[in-house]
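Paired with chain B in one complex and with chain C in the other, chain A is shared by the two complexes that follow.
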Partner chain A sequence: MNRPGTDDRPDRLYTLTSGRSRPSREDLDLVTLIVAESGPTAGLSSELAAILRLCVHPTSVVEISAELGLPVSITKILVSDLLDAGRATARHPRYTASGRPELDPATLEKVLVGLRAL
Partner chain B sequence: MSPTRARSAMFVWGVTTGALAGVVAFAAPAEGEGFAWAVGGAAVASVTSGLAAWFRARERLARDRYSALEADAVRFADTTLPAALTRVAEGATAERVLAEFTRTGKRAALAPARPEQVRALQQAVRALGRSEARRAAALAACANAAGRMQAMSTSALAELREMEERHQDSDVLADLLHVDHRTAQAGRLADSIAVLSGARSGRRWARPIAMESVLRGAMGRIAGYRRVRLRAVPPSLAIAGHAAEGVMHVLAELLDNACNFSPPSTEVHAYVSEVPAGLLVTVEDSGLTMSDSALRRAEQAVSGQAPDLSALTGTRLGLAVVGHLARKHDLTVSFRPSATGGTAVLVLVPRHLISRTDEPAAATPASAATPAPAAGGSETAAARPAGGTIPSQRTPVGAAGAGATADALPRRRPAERQAPAAGSPADAPVARHDASTTEPPSSGSGSGSGSGSGSTLPRRRRGQTFAAAHPGGLPHTPGAVPDGGDRPAPSPRPAAHGARFHAFRQAVTGQAGENSTTPRASDSASAEDR
Partner chain C sequence: MDSALSESRPVPDGPRAPLGDRASNGLKIVVVGGFGVGKTTMVRSVSEIRPLNTEETMTRAGVPTDDTSHVPEKTATTVAFDFGRITLDEETVLYLFGAPGQERFWFLWDRLFAGTIGAVVLVDDRRLDESWYAIDRLEHHGTPFIVARNDFGGPRHSLEEVREALDLDPRVPLIDCDARSRRSSKQVLLTLAEHLQTLHGAHAAAPVR
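Let's look at the complex of A and B:
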């Protein structure tokens, strides 16, 4: 019954978030880039410290999630904590698309085809 | 001469002389009355004295017999019976003990002397044997049931974890976390019953568990985990895998006690400090100070002496469990009044249960398996003494960040950092060739070896590709690289971009938890393909 590898860590997710299941900000999505604004300090939990280390370079939420081995929803909560504390900033992809509100559907399709072909 | 024969001889002698005297008296009436009276008196006196001697001997005999019986009984009650019962309590079967306590057995010196004592001993020993067998059977059934409950809660927790990975909706996640918490508490109760009934501990961790995870695992099993504050947990300390579960359970019980016996609005603090004897965990609450007698009782419960299950009440299992586990793992648990007004519990984990992870980041659970955070951890650890904080993106990170990490970090391979950015189209194929021949495809190998043999593989640098691909920076993001001064132009080859996109797509669509290393692996793999 005890399957090694599937649940190979003792800490439960709710202890990471103090029981919260909803991030304090709703504007984070999978590809929001997170940038650390300061290094990890002594009092931080290891996950927050790891996020700050990862985000020395802009890193998307989904990548953080994959690196930490945590669900995206939990990662979002941790990231919003960092954002609220001013330790990190977010760059939202919709604002980085050089000001254009929408991309040309044809372009998107090409990108999609290209991605599929990889 | 035996007392019986002496008694009979005396009796016979008295009666015979009396009778002879009587016969002489009646047979010679002519001799005169005086003589007859004299002979008759002698006969009576003789019979009387014979009878008196007979009664005295009989009384002495009875007294001797009585004292011998008394000595037998005292020996039986004070020595034989306790010794036999102790043997049964020690685990010997009733019949074996009865065989030992016979005149020919191993403990012949203590064997009961009289048949009624033998019967009494048989009854007592067999009754105790039956009771011991019942107790052992009940305990074994308890341990068995607790083990199954443990297994069920463990697998339920694993499944809940998978569900939590699957469901992104906040409401669903909230419910799942709630059920998760309940299940963890039920699991702790099963663990407690298992410990008290002498079963094997529930979970065994295959590797050392970081102290932070041990404490959080303990927190996750109690109702009031939100009130627990972890302070000063050294990231490099871990508990050996075989003892981690026990330490976690001890801390869970102590944290639960602290939460239960302090006002709900107060916090419970847990500190970890390293001392020469090992690792000291302090759990401090702000409740009432324990009275002296309560402190003594608590100390007694956790002192590691032989357990007494009869003192259990069913609702207060905690300290008994702590005592059991402390005995098992050589933990020292002590109580003292806390400086903040409540009670502080000190748990000393001996040094042989502690292992040390040199890299701070290796203490995080995920990074043990993935190379990137480990490298990042040593990077920041090395950079921290110098700068205090990581250079933010506002500073020219290309110069400062890269320089600092390249200098300070023995395990980071300089070529790796430069490969994606500085690798010109000309030398890139060579680098890839080297990588494909020297580095196995599994990405996990890079973390442990650190040899740098396959370091020229153009690994995607997290985020840097983005910056490198846009040397001018994103126009409105303040953190963009200001100028590409130190950074050469990005590789114009579309294949590299393709690989990066591929990695990104995998990261978005792939399973986040299990394939945490996949993007990197596929990155290199696809780079080699082209």
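Let's look at the complex of A and C:
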């Protein structure tokens, strides 16, 4: 982990989120799918604009994180800002609410059929 | 460091195959194992996208201290992980995460991998001891899992010996695989899915063959 620039990253991330370390929403999962409801507008930060462009199609929080090169926790904060502003909507995974998946037979069947089709 | 982040991050090579507009339900499966056991290889074998990597930077949660409260995450721990994606149908997308299994990474699981439908413990039978902790934690979390032995040029032990060495519950499937092979990796995931079906008592549903 001796990449150049690693040492200054926390400060950059701190600036990106205006010093916040927690998202306004606790319900964002790695695989929550985010959909942009509007395009980027003038004045939006480059990161938020990039998220809106990515999310023209449903895009998971973890993919946004990877594409932007930002840690998941920072990505969640930025995505929460877009959700709070009504600029994006979230499609939450259906089986993580309790922290323990309750896979119904129909979804499990989808998994089996989908994997067999690989 | 069990991480692709020690290498330079490739610049995204254009728009990635997007999900369909009806995609609405993300599922998670985690492939867990020690360094170099083939996690990313397996993800790559079955993923519809080139495996991506990202990281989580986190401080140990819930430790309020007076003297560091204004310091921006200077003591953050960074953990990297890889992932890929399989679209199952118009609405359902399966994400595969390759996650390090060493003890120091397990605080990730509560934060990141809660709600995973199941896990694959990928093992190298020359280094079985690296899997003990992962198996112990999966059992503790109640996460359903199977164990797959990756082929590193011929097994050194029988599967029975591996099962014994891992002190594996007889109900937990244990299979051989070649993580470089799409067909073999697919079989690993199918074995996990069938194990989930068994656990959920879903055998009443008509099997699709």
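Quick notes
Methods note: the second predicted complex is superposed on the first by the 85 of 118 C-alpha atoms of A that agree within 3 Å, B and C clash if a C-alpha of one lies under 4 Å from a C-alpha of the other, contacts with A are read in each partner's own complex, and residues count from 1 in each chain.
One rule holds for everything that comes next: contacts are C-beta pairs under 8 Å (C-beta built on N, C-alpha and C of every residue); 3 or more make two chains touch, one makes a residue touch a chain.
If you're wondering where the values come from, they're calculated on a predicted model, not measured in any experiment.
Once the two complexes are laid over each other on the shared chain, residue contacts for A:Ala36 go to chain B alone; chain C is not touched. By the touch criterion stated above, A:Leu108 is placed in contact with chain C alone, chain B being left untouched.
Judged by the touch definition given at the top, the superposed model places A:Ser21 against both chain B and chain C. Of the two partner chains, neither chain B nor chain C is touched by A:Asp84. In the superposition on chain A, A:Leu52 contacts chain B only, with no contact to chain C. Of the two partner chains, both chain B and chain C are touched by A:Ser65.
Residues 1-3, 9-11, 13-14, 19, 21, 30-31, 33, 56-60, 62-63, 65-67, 69-74, 91, 95-96, 114-115, 118 of chain A are contacted both by chain B in one complex and by chain C in the other. Taken in their complex, chain B has these residues touching chain A: 151-152, 154-155, 157-158, 161-162, 164-165, 167-168, 170-171, 173-174, 177, 180-181, 184, 203-206, 209-210, 212-214, 216-217, 219-220, 225-226, 230-232, 235, 244, 248, 360-361, 363-367, 369-370, 372-373, 376-377, 379-380, 383-384, 387-390, 392-393, 397, 401, 461-464, 466-467, 474-477, 479, 498-499, 501-502, 504-505, 507-508, 510, 512-513, 515-516, 518-519, 526. Interface residues of chain A facing chain C in the complex, by the touch rule stated above, are 1-3, 9-11, 13-14, 19, 21, 29-33, 56-60, 62-63, 65-67, 69-74, 91, 93-96, 99-101, 103, 105, 107-116, 118. The part of chain C that touches chain A in the complex is made up of residues 1, 3, 5-6, 8-9, 12, 16, 18-21, 23-28, 46, 52-59, 72-74, 76, 78, 83, 85-89, 92-95, 97, 112-117, 142, 182, 186, 189-190, 193-194, 196-197, 200, 202, 204-205, 208. The touching residues of chain A, counted against chain B in their complex, run 1-4, 6-16, 18-19, 21-22, 30-31, 33, 35-40, 42-43, 45-47, 49-50, 52-60, 62-63, 65-74, 89, 91, 95-96, 98, 114-115, 118.
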